[in-house]
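Going by the order they are written in, the chains are A, B and C; count residues from 1 in each one.
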């Protein structure tokens, strides 16, 4: 089956996530879709798989326009999507996972399904036990299950969203083998990823997305530099950076190992000098978040050492980190940073220390007004935080930070903000640097990372690069590392 | 065009809810072949008809107000303290215990009464902390932990009344031996009411209001209840604050239990908590957890309870009619609030 | 085993039948992702209503029908308040629990102490004559037989049929179920109503069979609903285990009666009340698998041991449907 997307537009409020996308994929082709976070690839795939509806544009299957209103519509038309986090039912058995959503009689014949499963997976060399429970499977095996299920339901177009995050090398090899076989059988495979090596090695064609538009297509042999340039755009001239005089190391990270459900980081090393800004780059899910949260004291490392100003903080409870002068500003503002139902003033009261038993409301409002002014928050002292815009919420979060701090950890500090707010926020942060605060921040915006960092760490699949001197790194080099080249 | 978020709009829906509740209760009365107007009149006169009745209402008001006050703190922390009934009961048990221990000594009655109150507070706190421990270390939801401990408290009461503390001869459902008059909280001449317990109740709600409105502790408690994760990241130790909420609520509940023994029944009876715990939960829900309204609404609920005592005598109706009205009020207010929010949300889109 | 004990045990099966209905009903509702806290009041209300209907109309069938309808209707209110009005399931359920209880006492006042029809005993020919087993299982009434059938049907439905699998799905991962084609909220309504109807049958099972009549506050039914909620958790949201919990609870009650003479120091009322807290305390056992310190200890164990213990814990099924109580929004 051939699939064609014609003039697809999709906006979320002011964000134009898909801007006039037209792409045609013939059967038997493995189509790579390359782009940064927020480039619009996921949105397009969600449109194709029925999760959301495009604002305008058509989907054509074998030349015929079809309407895909829900995910079950999609599978009826033969389009199946493998999500980055496979959508399955962890506490249930594999055979039951296969059955849910499959039409049929009242009593499913489990034995038949098991048999079909075993036959199907033999073609690809998978080794899943139908009686096993899904929550005991690795991510790679869960993917295999979902692929088998979609094939079993008759999918002829398979969309894979970041499939190689969190699977082993051998599982990846098996996956690629499988995809090639399926393509030979005439299926359309759409492979969405940020990993250059994977996409270059597997795909027959590559389409590159940037900021909502399809900026270019490529055919083999692939030129990595060309792809990176399309993904990240031209380099802008970097301003002069003011360098601080060196002082003693403030933060020392030695052989840090971190583990959670999806990512393992082994033996990360970093020394941060006072007043330095370290940028953590990499695609989401590469480990930078876990690293930052471990520095904040919200996660415990499974190995290694963490010191601040010579004092050992490894394994200590969260409040020790706070007392030592470390503050963490999360990316999900309303889930982890702010408290819906409480006002701006109340947030400031909470983040300050306690003086006495009773809150001095007048004083609190005065301080609140001052800060609202200083940080230019569009709101009143009594405004509830959930009523603020995203940008103002971020300003509020920054306004809550104590002074002085030894280490400030920020997760996506300017995400979703306009240029003006971003520049203003960074001037505030640079001020703190002048007061010897160290800053470690995560950002998906390469220009931001290059411009504001003194040094950069790139994360890829749990691996951490050596610290790079930001002044000496180009966008291209950064892009390649983010895509996994050079690790 | 109506300002959808105005206080007036909200108020309108609340009035609608009250009307709906009254209609519902009237329908129920008609189903029971009861004359609605007469019944309402009876409830009214039964609660404010004479000084004696009013004082009875106040007597019922105090434990309910105390329970509600404590619950406002646990609700602020995001907890459903269903175990409050057991906490009131344990307060009463501890008070009875203290009085029994000290009543034959040469201690002054005033001192004994004071110790009785303190014992009650202690009893409630201990019981509440059990629910807290079960939740934090045992992973048992506080609803079920509370329910289970309620049952244990009931069993404990029954055992004491029919066992170690039974009246000479045979244990009876009328409770333990009543305490000497000296150990009664001083009452107003001729009435069952006591200025002391009235003072305790009012001071109690005032304290809770102050805590929630004006202290760091109260604000942190609210933060924990509204977004535990963010509260933790900001630096509030959520577990400690939840336990504190349980402790303080337990103290209030224990105080309510103590009042029941010292000022109302003067002995331990099987149903010493009189359902004030659950009723307090309802009051808290109805006032949308705003401390300012606790006293008047609790008074209203107490009046309904006392007023409906007349019903079985005069109209041969069960006195649980007050419970029906109270439940209907809370239910319709909750539902109307949901309707209002749904309507306003749609317009925004 | 002497005949008295056999008869006593048969009585347990009979007394447990309503608890089985209530626990399995709530299990189904919670599997769909909704917690119906009102069932304590529901059982009282439907017991009263069923009895009143039967006394008035002379028809046992109508009594049960009314019970099921009321159960379905009140549960619908809980589902509606949660799904459409986005109010807290706990709040609405709790208020309804108290309100239904008060309604039952108020409306039931005129029916107190009246005598009414009783479900007749229905021994099954041939099977009733089997020694021991026959006396235990087959000399009961139709209600007890239907409790056997309900256990089997519920178990088969949830675990062996297609719609049953989807029921599990919407309670665990509603987003995935939606992707697989389920109308999550509509299914939640349906299963809450079904579960509520089953609970609504439990009430008349008491007032028309197990504890015939309506005696107001002395009926002894107050608290059964809370126990059914605890049994749902104790049963790991599995109809078979829920039934086991129901039988366990009634067994404890029976033991209390039986042991009474040999424990003169303990008042009879205590032994009557004791099974309630005991059942709730079983939750502590069941929940141990959920607590953090168990997780931490597990993390430190070698791989095979960890997998084995995870298997055991899974058999104990200590974790609730992942989406229980969480409203579902289509994106």
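Some points to look at:
One rule holds for everything that comes next: contacts are C-beta pairs under 8 Å (C-beta built on N, C-alpha and C of every residue); 3 or more make two chains touch, one makes a residue touch a chain.
Quick caveat, the model's predicted, so the values are computed rather than measured.
Put simply, the chain closest to the centre of the protein, by Cα centroids, is C.
Taking A-C and B-C together, the chain pair joined by more C-beta contacts is B-C. Each chain gets one centre point, the mean of its Cα atoms, and the points for chain A and chain B are 49 Å apart. Between chain A and chain C, the centres computed from C-alpha atoms are 44 Å apart.
Chain geometry summary: the mean Cα position of chain B and that of chain C are 29 Å apart. Residues 160-163, 165-166, 168-169, 172-173, 175-182, 307, 310, 314, 319, 322, 331 of chain C are the ones touching chain A in the complex.
Interface residues of chain B facing chain C in the complex, by the touch rule stated above, are 28, 31-33, 80, 82, 134, 137-140, 143-145, 147-149, 151-152, 154-155, 158-159, 161-163, 171, 278, 281-282, 285, 316-318, 320-324, 326-328, 330-331, 334-335, 337-339, 341-342.
Interface of chain C with chain B (complex): residues 37, 77, 81, 84-87, 90-92, 94-96, 98-99, 101-103, 105-110, 216, 223, 226, 229-230, 233, 265-267, 269-270, 273-274, 276-277, 279-281, 283-284, 287-288, 290-293. Residues 298, 318-319, 322, 328, 330, 335-342, 346, 349-351, 354, 357-359, 361, 400 of chain A touch chain B in their complex. Considering their complex, residues 210, 214-217, 219-220, 222-223, 226-227, 229-237 of chain B touch chain A.
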